[in-house]
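To start, the structure under review is shown below, and the notes come after it.
Chain lettering (A, B, C and D) follows the sequence in which the chains are written, and residue indices restart at 1 in each chain.
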Amino acid sequence: MTNSFEPTIIGFTCNWCSYRAADLAGTARIKYPPNVRLIRLMCSGRLDPTFVFKALANGADGVMITGCHPGECHYIEQNYKALRRFQLMRRTLQGFGIEPARIRLVWASAAEGARFASEVSSFIEEVRALGPLHWGKNDNVSSALTEAPIKKEEVPA
Amino acid sequence: MTANLIENTSPADGRERIGVYVCHCGTNIAGVVDVVQVADWAAKQLKHRGVVIAREYKFMCSSLGQELIEKDIKELGLNRVIVAACSPHLHEKTFRTACANAGLNPFLCEMVSIREQVSWVHTDKAAATAKAKAMISGGVERVRHQVPLEPMTVPIDPTTLVVGGGIAGIQSALEIADAGFHVYLVEREPSIGGHMAQFDKTFPTLDCSACILTPKMFSVGSHPNITLLTWSEVEKVEGYVGNFTVTIRKKARKIDEELCTGCGICQEKCPKKVIDNVYEAGLGYRKAVYTPFPQAIPNRPVVDVDNCTYYEKGTCKACEIFCPTKAIVFDQQDKILNVKVGNIILATGYELFDARRMPNYGYGRLPNVFTSLEIERLTNAAGPTNGNIVLRDGKTTPKAVGIIHCVGSRDKNFNNYCSVICCMQSLKFAHIIHERTGATIYNFYIDIRAAFKDYDEFYQRVLEEGTLFVRGKVAEVSDVPRTESEKGKLIIQVEDTLVGKQRRIPVDMVVLSAGLEPRKDTREVAKTFGISCSVNGWFIEKHPKLDPIATMTEGIFIAGCAQGPKDIPASVAQGAAAAARVLSRIEQKQMALEPVRASVIEEKCSGCRICNGLCPFNAITFHEDRMVTEINPALCQGCGTCVAACPAGAITGTGFSNDQIMAQIEGLLMLNVDQEPVAA
Amino acid sequence: MTDAQLVSSSSDPDSKQDEDLTLLKEVAARTAGISNLEMCIQCGTCGGSCPSAADMDHTPRRLFAMLRAGLREDALKSNTPWICVSCYHCVVRCPQNIHITDVMYTLKGMAIEAKLCQDSTAPDFSQTFIGMVEEFGRSFEMGLASAHYLKHFPLRLPSMLPMGMGMLSKKRMNLTPTRIKHMKQLKAILKRAKELEAVQ
Amino acid sequence: MSDYILYPGCSMETGARAYYDSLKAISKPIGLNLKEIDDWNCCGATEYFGISKTPAYALIARNLALASEQSNGTRSVVAPCSACYLNLAKADYYMREQPKFGRSINEALAAGKLSYTPGSLEIHHLLDVIIYDIGLDVVEKNVVRPLKGLRVVPYLGCMVPRPDYDHRWSDHEFPVELDMLLKTLGAEVVDYPLKTECCGGHMTQISPPTAFEMIRRLIALADEREADVMTTVCPMCQLNIDGYQGEMNHFFGTNYHMPILFFTQLMGLAFGIEPKELGFGLELVSARNVLDAIGVQAPPETPPAPPKRPRKQEGLPMPSPLIKPQVEALKKVVTK
């Protein structure tokens, strides 16, 4: 891998739409950069803001939240809740002095593999442009959120 | 029905014994991810996270692969399993069953998708391998905090709802009803039969559509196990697999169906003629009180309130006056029915592409340009011309006819897919029109797609009959002559691509083989039933190859053209297949569900009620007396919104607990992309 | 070009035509916008729509097939691009959204470069037209017409005369060209543009 | 007054003077305020693309750059010539579609200390502006001398409705904008299926037989459908059908006399403006008959209804699906 900055992205997907979109991107062999690592939730409504901060605190440079298009939620309307929480998280991040652009909300239906891939790619580029996020290295906010039992150093790759 | 936790193992107590199994999937994964290295790494580096064994194998999903896991569970006493392979949507069941066979709680098995999410989408082998490791480490952390779960079982209500009374829906309904279970068949139009009832002949055998369809329609109408609800629409669907509550609007027919004998006198006497845009495809007329066609099932008319003189002026009432059984009820109101069903089959069919969208073909501008559906009616002995194939003047028989394929299909400006039936349909028209009129027939095609049994043979036959085939997508149909011979004709301008020259072919009649489109309201319907649509607007099946019948929503199945363009045999097959799936469910009487449910830990609940407004399924109730919230697992669908919202962390979501996801985040981030050294 | 010729030309040992499989890519790359040329399904909508197809030696569709086959010389010799009237009928009808008209422009340019135009009328006309524009910044019908007709249609002049006179007498044609103010600027821009085109 | 940047194009000062004169004459009454781009240059017609891509687009882009320099506020550029309109729109579109291409064009412009931001201007054809911005209601208010009984062919040619990068027109092949304008002027619109067929373009200079055949098709249909006059929105179409009609007749041994006027001339006529102000008489195929038709003020009786479609007369037993969806769509926009 090149010595240029490679961001680490955590992506939260909804079991019904965006996770299927990721599957579809796979079956269609649509390429995107390997920087993203996905976590499957049942619904974007399950996304507890703590997860996002936790991810950033633990070394993620950006977090992508994905769900069904408004009006297409498998659970009727829970993705709207995700939307509201997303706005909240952006404001909170700003409060922490972190670029809100480090989190992105993406709607992707089960049919939108290509869209999912391109959104991932563009988000990775955006975060790459923002540069690394050194949360936890030198600021106090993190301590509140990282009582991580595992230290990265423990695991030499 | 509950998701009872087995309390004896508290999550991540350091006593986890985890097995990691990395699948090559032939070269699908191994071609990009260094699986050997990954397994080796997991064994060494994740030891202290409880990994006792890590193996790679060509095909984990093969029986040998599964035995491998079962053996390790038994011999090494594994109590957690990670399978790094394809998407859980494909093989989760497989590996859970394997675990269960070895006596391990199936929910202690977790899949990591290193095919769909790694090897198929990445090319940089080093980076892909690194990502695979990170994802496995995430999986390991997550599974450590997983607790054994007992699958919830739900009883399956043996009654089934079939939506759509076309050939696919009819087939489904009959299969299930014949097996002795009750079916509600809901149809929007006044009669069942769908598009097939409008056709004259069916390819490739050319047997008469009505002759083969009407017996089926009749047995639906008379079947003791089928409640037929025509002129009705589904408005709301609540509940879940095995236990849906469906709200159906039975539109007022303005006819007392009990009293009506279907004698048809009302239609005779009704003075109001209306263009029949549905059954006669706009070519013929019907009355304001009508049954769409003679063999209609049920044989009960409908009063068309938008056109009936009585509703306009308050006078006329001819039908009421002449009805021998006094069955006309002008003030009849819509009825709302609530029915309980265990499974639902959607067979809502298709719509014809609106040929007006291609003005260069002249439909709507040039009278003698017809659509395929119009020709079906025109050739049908029961049609507006009694089967006489004539121009729109109603008398002239065409001497030359041009049939244009792929109208609105295989065209990025309209529908970028092949509508499947148009080639065969066009060949059928070529045969019928030639047979009845002796006219010279041209077929303009891009490619002849005559796949499937006896189809190409039919193509051969039509060739024999002297049909002239021109390979080229027609550019335009014009009424502007350039030569004497073109005067008074429709001129089809096309490049004969096999000759490499532009040709202008004068004909009397043009037939547009218009493509198939999803119904306008498909997306609303999908929303009502909680399923989704493809980019082109067809219902999405659970798996394009292995499960083209189920949907991602348990208990909802799809059949016929609603899932994608297909011909009659395919629709019938899919209708029957959907029925078979439902029957097996019914026979099992109950089914296991993902025990993914939320539950409240009462002692932690502060009674703040923040969660109370969040549940769209009304699963959350607040107990004023104890000042605590409770979640009804029967109603809970497991979305987890309330779990995320609870400020006290008093709500836990099984299978997706905070601990699990927090742990997975940590696991995923133990290795940074750029910290990963390039693999040798 | 008949198929017979096709065979002979490709069977001709000196002819490298049938090996030139980069041709399609090259044409697509040189075309403004996204040409979608590689998407052609050979349906013939273009050839059917073309109002001047009768005078073309190949229909556009066939020309695209030749590009695919790498028949560089045959393709660039074709009069098709020069007969194209830029009416965009094929463009709006093409089921694959191929920018056919722009591909034709590209082929003209390549033909001139490769000196493969069979008939110089069209290239000359364009050159003369552009010559005027590059000189004055405006087109100059009178100059254009006289130069062009004398060279290519001397015999047409009699039948043209009434029109020419009409146009002149009604002052619909100027005897002298109009020149824009900042000709220097325009020339600089075009000079730079030509350099840029060259490096592409 | 709505302000527009005007790109006239070369022919407006020469071959299509009638178009320019009539445009000037009608713009005041309909409140169309045109500001000509200072020092604009030729758009290269369809000639430059075939010689060299980058220079061709740079040539066009210079006008866009000048326009945005001089725009002060307004974003709309209006071109009365179809070829000019298409070229300006095309350059803007491709610079947008392919940023890399856009950059190279701007690099060329930089040599003249100019630059253009793709998408910063809106390129409109004159007809588009009159129909969709000014509105037919305004036009109607100005009609003092309805073109009663005048059978007019609405001829648009190719480059206005196609390729229509920004989806401005009701249809690519059968747009109804011009028809509606003519109806508003009180004219009787001839059903003319060839309304967007090509006039032959520069073929008159390259392959005359090709061009003459195309011109013949257009005139023959107009003649067969008993039109008094054709009307157009494009100098090239006007030149080919008017200027070359004689030579075409000579070529085929035919004897057509089919005048063709710019739609602005007919507007002016209906507005009661003096014919000479509108450039009448500049056409080679005299449009005298048009003036006569209008001059003779027929008593106020309803003009003959357009000919019924033959099927109707034969008492069609089958209803036919005759609807022009785009007309419906259009009505919404126009009567705003």
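Note that a contact is a pair of C-beta atoms (placed from the backbone, for glycine too) under 8 Å apart; a residue touches a chain by one contact, two chains touch by 3 or more.
Owing to the predicted nature of the structure, the values given are computational and were not obtained by experimental measurement.
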For this session: Could you put a whole-Å number on the gap between the CA centroids of subunit A and subunit C?
Result: 51
Problem set entry | Separation of mean Cα positions, subunit B and subunit A [Å, integer] | 31
Problem set entry | CA centroid of subunit C to CA centroid of subunit D, Å | 24
Problem set entry | Interface hub residues of subunit C, defined as touching at least two other chains | 54, 89, 92
Exercise. Counting only residues that touch at least 2 other chains, which ones in subunit D make the list?
Worked result: 173
For this session: Take each protein chain as a node, join two nodes whenever their chains touch, and name the resulting shape: line, ring, star, complete or other.
Result: other
For this session: Could you run through all the chain pairs that touch each other?
Result: A-B, B-C, B-D, C-D
For this session: Write out the stretch or stretches of subunit D touching subunit C in their complex.
Result: 10-11, 13-17, 39-42, 44-55, 57-59, 62, 93-94, 97-98, 101, 104-105, 107-114, 158-159, 162-164, 172-173, 197-198, 200-203, 205-210, 213-214, 243-244, 246-247, 250-251, 281-282, 284
Exercise. Can you name the residues of subunit C that touch subunit D in the complex?
Worked result: 30-34, 51-52, 54-55, 81-83, 85-89, 91-92, 101-102, 104-106, 108-109, 112, 121-123, 125-127, 129-130, 133, 137-139, 141, 148, 153, 156, 159-160, 162-163, 166-167, 170-174, 178, 180-182, 185-186, 188-194, 196-197, 200
Exercise. Taking the complex as given, what residues does subunit D use to touch subunit B?
Worked result: 171, 173-174, 193-194, 217, 221, 309-311, 314, 316-325
Seminar exercise, completed: Touching subunit A in the complex, subunit B uses residues 41, 45, 48, 87-89, 113, 115-118, 120-124, 126-128, 130-131, 133-135, 137-138, 141, 526-527, 530, 532-535, 540, 552-553, 596, 614, 616-617, 637-641, 643-645, 653, 656, 658, 661-662, 664-678
Exercise. In the complex of these two chains, what residues of subunit A are touching subunit B?
Worked result: 1, 5-8, 10, 16-17, 19-20, 22-23, 25-27, 29-35, 37-43, 45-51, 54-55, 58-60, 68, 71-72, 74-78, 81, 85, 109-112, 117, 148-150, 152, 154-157
